[in-house]
Amino acid sequence: MTPLLLVLLTPLLGALALGLVRRPVVAGWFNLGVSVISLGGALWLGAAVAVTGEVSGTLGAQLFGPSAGLGFRVDAFNVYLVVLTAFVGVTTSIFSRPYMRYVLEIGRIGPRRMRTYHSMYQLFMFTMLLALTTDNLGVMWVAVEGATLATVLLVSLYRTPEAVEAAWKYFILCGVGIALALFGTVLTYFAAQQVIADPAAGLTWSTLYANAGGLEPAVMRLAFVFLLVGYGTKVGLVPMHQWLPDAHSEGPTPMSAVLSGLLLNVALYAVVRLKMLVDGSLAETASPQLAGHLLMGFGLVSFLVAGLFLHRQRDIKRMFSYSSIEHMGLMTFAFGLGGPLATFGALLHMLVHSLTKSAIFITVGHATHIAGTQSIDQIRGLIRTQPAVGWSLLIGVAAIAGFPPFGVFMSEFLLLTATMKSAPWFTLALLSGLAVAFAGLFRHIHPMVYGVPPEGQQPVEANMIPVAVHLSLVLWLGLAIPGFLAGWLDRATLLITGAHLL
Amino acid sequence: MGNFLTGSGWGIAALQSLLYVALAPLLVGWLRKVKARLQNRRGPSLLQPYRDLYKLLAKEARVAHTTSPLFRAAPYIVFTATWMAAATVPLLVVDLPTAAIADIIVLVGLLALARVFLALAGMDVGTAFGGMGASREMLIGALAEPAMLMAVFTLAMTAHSTNLSSVIDHHLSDGFVLRPSYLFALGGLVLVAIAETGRIPVDNPTTHLELTMVHEAMLLEYSGRHLALMEWAAQLKLLLYGTLIVNVFFPWGIGQGLSPAALGLGLAAVVGKLAVLAAVLAVGETVLAKMRLFRAPAFLNLALLLSLLGLLSHVILEVGA
Amino acid sequence: MSLTALLTPALSMDTALHLAGLAVVLALLSSIVSLAARRAPWVLRRVATPLLGFVGLAALAAGVMALLVGEVVSVTLPLGLPWLPWHIRLDALSGFFLAVIGVVTCAVGIYGPSYVRSFEHGKDSLTALGGFSGLFLTGMLLVVLADDAFLFMVAWELMSLSSYFLVAFHHEHAENRRAAFLYLLMAHVGGLMILLAYGVLAAFGDSFAFVDLRAAPVPAVWAGVAFALAFVGFGMKAGLVPLHAWLPEAHPVAPSHISALMSGVMLKVAVYGFIRVCFDLIGQIQWQWGVVVLAIGCLSALFGVLSALMQTDLKRLLAYSSVENLGIIFIALGLSLVFLSADFTELGALAFVAALYHCLNHALFKGLLFLGAGAILHGTHERDLDQMGGLLRRMPWTGLFFLVGVLSISALPPFNGFVSEWLTFQAALQAWQLDSGVLRSLIPIASAVLALTGALVAVTFVKVYGIAFLGQARSRHVRRARRGPWGMLAGQGLLAVLCLALGVLPTWVIGLIDAVPRQVLGDGLPQAGAYGWLWLTPVSPQTASYSGPLVVLMLAGIGLTAFWGLNHLWAKGAAVRWVHRGDAWDCGFAPPSPRMQYTATSFAQPIRRVFGLLFQIEESVTIQEDGSTRHRLRIRDRFWGLLYLPIARAVESSARRVVRLQSGNVRVYLGWTLATLVGLLWIIT
Amino acid sequence: MNLTLLPLLQQLLLVLAAIVLFLSFVLLAQVRLISAIHAFAWQGALVAAVTAVVAATGQVHHLYFSAALTLALKALLIPWMLHRLTRRLNLERHTESLQSPALVTMGAVALVIFSYWLVLPMIHAEMTFTRNIIAISLSVVLIGLLMMVFRTQAVAQVLGFMSMENGLFLAAVSATDGMPLVVELGVAFDVLVAMVLFGVFFLQLRDSIDSLDVDRLNRLRETGGDSQ
């Protein structure tokens, strides 16, 4: 339990403390320190899970009684996301320190809002980690809603009309989505009450999963639709995705990195956990694959539509947020497809996408800093002005577009293979989608990184270490998946699909 | 092939090659003579081409300032390549080693080599006419070469060999067979020969109007022995095509052994056949007028079509199944 | 890899594999060393680029050794997916292509150092040039060595990606960026197709290892699907029409020694992939495939050469000519497929060897020509033929080597291009053995196209050589062209000598290549050297024979005799001055000036009129106010309008439609949520 | 389901649920903002009453606590906050008319029928009571969403959102006897924070676009103007 407490309490306490730290410079370092400690906790937790296979327990059992406390369950599936979240949290806070200082210097925000920023940063980390580790569907809902609340102020941090608008849309759409998810949760609870004696355990995922076969299929079906639309909004599935590009493009760039890299993962994680329940419940009915099919449909539509969106972008951050939608669509599709291969691929894709996308957003932060604008038309000649930024952006985009030897290729290879085995005709759609998205990305990237920079464009002070670390990791994952990670993902695959891949 | 490679075979081959060089001007002389007669002129002597060559060889060669060494090397290459090509066509007897060195495809290749150098030499001077001649020559060559290959492929497929000796052997052993494919191939080959040797109606070897010239335009800057070699090569080419046509399509009379009698008969036969062919050509040239340049592609397309029809009628009508 | 194993002179597959490994390591090393070029620009010239030469040498040695030994060796590396480690395998086929890669790389390694020197003062990143060159080679070597689909794809895309960066090297020009974009896009799509082809095979096999793919019991229909996908994928990389659009854009804009590698070698890697997948992995060949390959090959050959003829940009012309040559290679491969499907293994092997031979030849002469173009670019900063002229006198050695390249590519005896074309014709002429009448009549048409192509190539390259090297300079900077450094000349010279050697000694080369069809098809060309090394008799001595050495001997003998006889013997007899320099004849008008010469455009005019239908030609003549006339000519690829633009427009218009989803009104967004919810609820009940 | 067979408390429950649904319609159609807030407050109070009744029928003690919580939050605190905000934003007299109220109301009716149709196959016959309550709460949720779609006023949208929450709460309480306490506390806390944030945003919105008309939030969009 100690590592778990470390993972959860560090950001929570950090958030409270950061709310009090007045000096922005100190706050930046403090933020980094907090993130590092949570990463330490996450690694510890990971090690513990690697040894025992699963860590579960109840927090606050003394307070509310054994069944009413906050149940936790950390297994192979979520622990790697916990580590990933904590890791990206650290690298992003490395980037965020100088970047936010620059934002402060140019006067876009004042010291007070800086405090909000740091505090909310850690609060956001806390909610995500909570959503990942909790075993209680209700708490998970609370945490995801909490993540929305924590970030909504960050989106409007700059207080420009666009930022406020984006935040409002984000708030309303995700609020509605999350409300629908709550309805789904209620329905699940309702179904659980028919089979589970202890009412307090009715939202405990482990218990539900153990009794999934007994859950009323009609209720679960209904519940899943609500949960899918609800959490799907948060994942950014088309046509509920509209908040996503707005929120990503108007918030501070470190926020975009964690939103794209982490929050979407968490929402997808929730969807997959719930799908596992629904699959158990529907196994005996006429349409056992219903949840999978819905996911496939949403995934494919998101994937294709987002790819087309890429072609008509004017704002660099919006563009990459569409790319996130595209990749979330791909993962959703893969989880929907089911089967060990697709699931393994999707899990891997979650990992590499997070790493790559947050690296890209960090680079984009520097790029917009150099050009002084987010407008694609005005970002030019990055390679000439600052080769490190230009090349990072180019290589990052090549990686996210699925070029080997980067890890995204590895996971896309697995996904395509799995698709070809179980649903060959979808491969065509996937392929054309990949090509369209690829063209969409590169047609914009090209003029930005190449060519002659405009007069007077100067290099900026940039810390490329996070980017380099992320991209090297992605490269490593593309060349070889280390044994422990493969074993880990395989155990997660076993959890989700009931079958080993290796 | 093994039976080709004998010592006497090499000797006869050398002799035959020399005979080509020796006879080439004569064929042109004969052609001019017949043509003159048809035009009610007496015409120059049969030996006039020899005299022309001698005169050119004895004159000094003038070379433009603007040329590169390639200009001076080209006549030798063109002459050699053409001669080499000619040497592979059986003139008197079959089964000579030269035929084994190079088959019909190589023959076409060698002629192409000569053409390329001719065109390059034309462009080397840097005048408008050289380039014009080269451009036109290459156009004609580009269209004639496939037609020629198709025509000889018809023969090669019938004989199951691209070796000219084997082809002729095959015909002789089959006796007289009326093949539709040969009719087309012969037509195609004749058209190609006319185009390639620069005869009317594609080109006019005696023209002196620069704008209508093809072959002559490339030679404008040549003089002395260089010009002699170029002219000689052109005459060789005419003889080559003539021999190819008469000996492949009408092989009768050609020697099949290396005995003096066979050689003599072969010589007599080929001279006779060539004389007739040249007479026919002269008649043709007398009644036809030179075409515009852009009619030439149509002419050559006809040749290609004929050759292709020959090949197709071979695989469809003659192989069976 | 132990050093002792390297030093052991014994010819063995293990040594070959070690050499190949050494080549890969050296290529990576060259890439890594280039990182230092940012601080010390000389690293690229003194270390990284010469290292490429050693990469080439190692690859060449490995390849030749593999061909000589003719066995198979494989290892597994602890990289890649947990259940699919990287499989490496060296057999005759990989060996052959290793040798192809090696020989051109070797020349590039010699040529490159002097060439990259000119970039040292430019703005473009030398690190990128050196680093990606090394990676590019690594990718190509690994593609050839890969023995599982995953490593193959990784290496393949590494090759594409790094060459893309090289294409984008001079990125300040918008058209270069566009070329790079188009290249990368098409490479990506092609890569996905290939991946799919492997996927289809793997669906019936146990894993993605080639061993399992080979053993997979694929039903005929799916084999056909896999073939089609592989053909499209590899054809895209090989630049087959109509998937060629990227090639003439991308190849010319890379630095010339890279263009040589891209055109000379990378396209061959695509051929390798096609052979590996279709001949080796799928295995059960159907005659329809042969016909398709033949048809596409013909189309590419003809269209490629005609497009090349229309160009005035030298490197672009060479790139189009690569399309044509790949067409010829695929014609031969198509023939091979047809024969194999009818169980004429020996004839299949003949056509196969012709294809391989042409691969090697094309690598040599296209490499040579691109290096020559690079030398011209280096000496004159000019790529436009219409500005050139008279370079033979300014750059005699480059001119000589280029001439060898021109003669080789035009398939003229006794150079190497002729041999492979001759072999292809020989294979085509065996069509009479086939049972199917349709095939019997199709193959002659293919050979007619091949013949026409060959003749048009000659036209094209007469144009190139005549315009660039002969005549008089058409611009001032060309008049002042500089002779290239020795390193550059040596690189070209090596390839030129090889072009001649491969034309003269085909028997030896075929003896080496023979191991490939024996391994892949199970039958070789036992007859090819039956009469000793002098005589090449691919089918049987009665059918056809060619003796390169004797042709050369006789050509040289007669030519030299004539020259010596006329210039010395004859000259002594007649007392005249034998060569007199003078002005060219001016026809009695103004003296000839360089502007009166035929240009590249005017040279091609007759052919343009004959084959005009294949192109979109816009030609106009306007009379200016001062009375002078201005001629405008624009030739465009018809396939742009037929294939590429419609796709681009479709994507654009659907994108325009799709963005309406993002209308900006939050109520509409909520409406979408509501509609989705209601719709889904409706669906599930 | 025979109404007469049900215990009195359950009959009461049905009546209360019906009024909650009615109030949703009122919210949907109400043109005056202040009145809408009042209607919302009443709805919250009714949900609290439902909770209390359920607690009484089922002897579920922690539900009394949630009833109190709901009453405090939904019926008092949030309406009060909204009230204060409207006054601060000078919106007391604000009225807003739907574009075609009849159509929207018909749509809401359709949603009610749809909800009922949806839950029909759901449950074994003996639980029809619960099923029907779920249908009602589902309708309240959907009508809340519908309201958000058709109201252009930010405050009205928030009302719609909160009314959705009411529907959720109704479902949670009546169908399942309430959620575990931790969850309920968490949900309540989230709703409260959301309301505070909404308040913040009203002010920010007014500062940035001088109005609370959400239709004027249309700077961020992809359409209009070519990207290239």
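Each chain gets a letter, A, B, C and D, in the order it is written, and its residues are counted from 1.
Everything below uses one rule, namely that a residue touches a chain if its C-beta (ideal position, glycine included) is under 8 Å from a C-beta of that chain, and two chains touch if they have at least 3 such contacts.
Predicted model, so just to flag it, every value in this text is computed and none were measured.
J.: Going by the touch criterion stated earlier, list every chain that contacts chain B and also contacts chain C.
T.: For chain B paired with chain C, there are no chains in contact with each.
J.: Kindly indicate the chain pair that has more C-beta pairs in contact than all others.
T.: So the pair of chains linked by the most contacts is B-C.
J.: Determine the centre-to-centre distance between chain C and chain D, using the mean Cα coordinates as centres, and give it in whole Å.
T.: 69
J.: Could you give the separation in Å between the centres of chain B and chain D, each centre being the mean of its C-alpha atoms?
T.: So the centre of chain B lies 99 Å away from the centre of chain D.
J.: Could you tell me the distance, in whole angstrom, between the mean C-alpha positions of chain A and chain B?
T.: Once rounded, the distance between the two centres reads 78 Å.
J.: Measuring from the mean C-alpha position of chain A to the mean C-alpha position of chain C, what distance in angstrom results?
T.: 44
J.: Where in chain D do residues touch two or more of the other chains?
T.: Residues 118, 121, 145, 148, 214, 217-220, 222 of chain D touch two or more partner chains.
J.: What are the residue numbers in chain C that touch two or more other chains?
T.: 659, 661-662, 666, 670, 673, 677, 681 - these are the residues of chain C that touch more than one other chain.
J.: Which chain A residues reach two or more other chains?
T.: 168-169, 172, 176, 180, 222, 245, 309, 311-312
J.: For this structure, give each pair of chains that are touching.
T.: Every touching chain pair, ordered by label, is A-C, A-D, B-C, C-D.
J.: Quick one: which bits of chain C touch chain B in the complex? Just the residue numbers, please.
T.: The touching residues are 389-390, 392-393, 399, 403, 407, 410-413, 418, 422, 425-426, 429, 431-432, 435, 437, 440-441, 444-445, 447-448, 451-452, 454-456, 458-459, 461-463, 465-467, 469-472, 531, 535, 537, 541-547, 550-551, 554-555, 558-559, 562-563, 566, 570, 574, 576-585, 587, 592, 594, 596-598, 602-607, 609-610.
J.: Going by the contact rule at the top, pick out the chain A residues touching chain C in the complex.
T.: 168-169, 172-173, 176-177, 180, 221-222, 225-226, 228-229, 233, 238-240, 242-243, 245, 290, 294, 305, 308-309, 311-312, 383-384, 387, 391, 398, 401-405, 409-410, 413-414, 416-417, 420-421, 424, 427, 431, 434-436, 438-440, 442-443, 446-447, 450-452, 478-481, 483, 486, 490, 501-502
J.: Which residues, counting only chain C, touch chain D once they are in their complex?
T.: 659-667, 670-671, 673-674, 677-678, 681-682, 685
J.: Per the contact definition, I'd like the list of chain A residues that touch chain D in the complex.
T.: Contact set of chain A toward chain D: 64, 68-70, 136, 138-139, 141-142, 145-146, 149, 152-153, 156, 159-162, 164-169, 171-172, 175-176, 179-180, 182-183, 186-187, 189-190, 193, 199-200, 202-203, 216, 218-219, 222, 245-246, 249-250, 309, 311-314, 376.
J.: Can you check the complex and tell me which residues of chain D touch chain A?
T.: 118-119, 121-123, 130, 134, 137-138, 141, 145, 148, 154, 157, 161, 164-165, 167-168, 171-172, 175-177, 179-183, 186-187, 189-190, 193-194, 197-198, 200-201, 204-205, 207-209, 214, 217-220, 222, 226-228
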